[in-house]
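Letters A, B, C, D, E and F mark the chains in the order given here, with residues in each chain numbered from 1 onward.
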Amino acid sequence: MATVKLWTDEEAAAHPVVARVFADIRETRKTDFINNFWRGLANHPEVLDRTWSQLKSVMTGPTTLGPVVQEMIYIAVSTANACSYCVHSHTAAARAKGMTDDQHAELLAIIGLAAQTNHLVTGMQIPVDEAFLV
Amino acid sequence: MATVKLWTDEEAAAHPVVARVFADIRETRKTDFINNFWRGLANHPEVLDRTWSQLKSVMTGPTTLGPVVQEMIYIAVSTANACSYCVHSHTAAARAKGMTDDQHAELLAIIGLAAQTNHLVTGMQIPVDEAFLV
Amino acid sequence: MATVKLWTDEEAAAHPVVARVFADIRETRKTDFINNFWRGLANHPEVLDRTWSQLKSVMTGPTTLGPVVQEMIYIAVSTANACSYCVHSHTAAARAKGMTDDQHAELLAIIGLAAQTNHLVTGMQIPVDEAFLV
Amino acid sequence: MATVKLWTDEEAAAHPVVARVFADIRETRKTDFINNFWRGLANHPEVLDRTWSQLKSVMTGPTTLGPVVQEMIYIAVSTANACSYCVHSHTAAARAKGMTDDQHAELLAIIGLAAQTNHLVTGMQIPVDEAFLV
Amino acid sequence: MATVKLWTDEEAAAHPVVARVFADIRETRKTDFINNFWRGLANHPEVLDRTWSQLKSVMTGPTTLGPVVQEMIYIAVSTANACSYCVHSHTAAARAKGMTDDQHAELLAIIGLAAQTNHLVTGMQIPVDEAFLV
Amino acid sequence: MATVKLWTDEEAAAHPVVARVFADIRETRKTDFINNFWRGLANHPEVLDRTWSQLKSVMTGPTTLGPVVQEMIYIAVSTANACSYCVHSHTAAARAKGMTDDQHAELLAIIGLAAQTNHLVTGMQIPVDEAFLV
């Protein structure tokens, strides 16, 4: 259960900023589905507006990486930050955008490997090589 | 300064496992340069051997993502895990493998955005939508 | 489900240290309600005693910040540490002590923003300005 | 050393977006000083623009918490995320805005306490009390 | 619910690599029980194979620490990384290998204390003493 | 550089609480050396007093694990929390108390392995097995 109310479509429709953002999410994503994250953020219309506008710009604007790679990077960060909801939602998004099982397998392998070497490096307090500082 | 000794080439040459791994790193990467991470891991030859073998398999084996995307995912995890050395070394690696400034900018934008929504989700304790559980 | 037993009031009453701490929690907080955290810690009476004594001193003693700000800082740390239980319990506590919806909105906005710039800084490995070191 | 170039004032002046943002930072903060974070973000003008605009809105706009509490929450998140630069810069900012030594002491006490109970809760996997779910 | 399929015994039996690894897990652990982690990893047979081989070598091979201490260190890392599943599975494993309630209490006390001083150190940005660098 | 003043012996001697705690640290540890952590905490005498009293009780009181294992658990948590100072100080302490190179190697191997499986579990969102909930 959330620590904030999850807004229904009726409640959203009654607030001008929330109504506008929800309409834009639906139009941008070509679906009527609004996931719980936005329904929770609706309690804070300004944060909702700014967060959606940033996410729309980064994740649906011009990209040099492509939508699948974008979502895989999102999964990587969400995994390291232990955000269960985010792993679920962005894995679903990555699949919807075309991530294959092989790509998912490779993504998980890199995440696991990176976590391991991150911890080994920190445990040994390895100093940065001069070669990396140029 | 590290909490373990960083092995010199002479010390490495005198230990059969370390010598073999260092030789394989050099041959695989086509460079004489061995970065400090491996020189620290040399204190634990078995861990060195296993870690290199895993990294070699994941990062230089067959890939569906390509070497630049692999390194960008590595940077994403290392950033979220606050591993300074790892951010330095894998940013250098990503650039050496062809990451452009635009790709780096987009990577950082996604990392920042993901961290923000990760924390917003956790702060609101948003429950996973049923739609994501199929 | 917890990895430890959650003590009932009957079990607590039968152990001198646990009984004393539970009584002090009830008296300090002016409520009969003992939340699960303390019922779990009861398995380790010494840790229970020390943790409650520390929490009582910090969170109910003299304060320059006031109880609402104290709880908001607690929420901020708990969110960054991805502690679901702690976010729930301290959001409830903050509200009980008077946190308004506007304050909650602003708290979440700062937490999200800080997480974003934390990750951007780490991703770029920004060196500390001399001006901050005075 | 950063993994990106830190822009000088001359370089910033030559790029329209960066020049505009740097000018706005100076005007908003009433100081000529631009800290390294923005000089690094300048490599990605769009991210710079969006990040500054968000930070300006959250940290210098209307507030129910006040500037000192805002900075203390920022410090709390930055500490939990282990961002050294951010702890330095926001501790300096909090002091500049009036944080007293007593407030700093209390902030650190809460951060330390929260981290401890966060870990105890996670180590025991305490389930959320029903009372917190209303 | 997982973001990947959890393989049944029938599905595992039909894939040569997965079947071999599952058989080895059963033989090594002297039990028919295969926990969900391996059933999820089965989607990525190569990662499954490598991860099991590494875990088998570290956790069931020659040890200077003994199996109970090994599991307690595993719990410590899993707690700090906020991995709920891992805390559950390794607490169960530690108990099965002989961890007493007193050892568990002491483990939790150290984890909580370390988290507290970790955060205090980071919040104060304490420089490393020269004495620790020898 | 720290964000707080590091107290000299002269400054400590002039404050009754700080003087008492510093004297107790010296007596308990049988050394004149006071590391920077305590010199920073001295700015907040109450926090200093409580933190030392807790650390003394946990790390130098009766133990079922022994001093070396205690320090190794401390290193594990500090590594996962990316606390550079803490990794340095507790690795030095573990060595001073008798940790061998083989034990250190095994500790690092478990930390790295745990981090890897923590991230794999989170990336796959593996549900807890019923067998672990008894």
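Just so we're on the same page, a contact is a pair of C-beta atoms (placed from the backbone, for glycine too) under 8 Å apart; a residue touches a chain by one contact, two chains touch by 3 or more.
Remember, predicted model here, so these are calculated numbers, not experimental data.
> Can you tell me which chain lies farthest from subunit A, using the average of the Cα atoms as each chain's centre?
F
> Taking all residue numbers used at the subunit B/subunit D interface, answer same if over half belong to both copies and different if under half do.
different
> Of all chains present, which has the mean Cα position farthest from that of subunit E?
D
> Going by more than half of the contact pairs matching by residue number, which of B-C, B-E or B-D reproduces the interface of D-F?
Matching pair: B-D.
> Of the pairs A-B and B-F, which shows more C-beta pairs in contact?
Of the two interfaces, A-B and B-F, more C-beta pairs touch across A-B.
> Starting from the mean Cα coordinates of subunit A and subunit C, work out the distance between those two points in Å.
27
> Rounded to a whole Å, what is the gap between the Cα centroids of subunit C and subunit F?
21
> Just give me the whole-number Å value for how far the CA centre of subunit D lies from that of subunit E.
Computed from C-alpha means, the inter-chain centre distance equals 34 Å.
> Send over the residues of subunit C in touch with two or more other chains.
Each of 1, 3-4, 46-47, 51, 54, 77, 79-84, 87-88, 91-92, 107-109, 111-120, 122-125, 128, 133 in subunit C touches at least two other chains.
> List the residues on subunit D that touch subunit E in their complex, please.
Per the touch definition, subunit D meets subunit E at residues 75, 79-80, 82, 84, 87-88, 107-108, 111-120, 122-125.
> So in the complex, the part of subunit B that touches subunit A is made up of which residues?
1-4, 6, 33, 35-37, 40-41, 47, 51, 54-55, 58-59, 63-65, 69-70, 72-74, 76-81, 83-86, 88-89, 91-92, 100, 102-103, 106-107, 109-111, 113-129, 131-133
> Going by the contact rule set out above, which residues of subunit B touch subunit E in the complex?
1, 46, 50, 54, 57, 128, 133
> Show me the residue ranges of subunit C that touch subunit E in the complex, using the header's touch definition.
3-4, 43-44, 46-47, 51, 77, 81-83
> Taking the touch rule as given, give the residues of subunit F at its contact with subunit B in the complex, in rising order.
By the definition above, subunit F touches subunit B via 82, 87-88, 91-92, 101, 104-105, 108-109, 112, 119.
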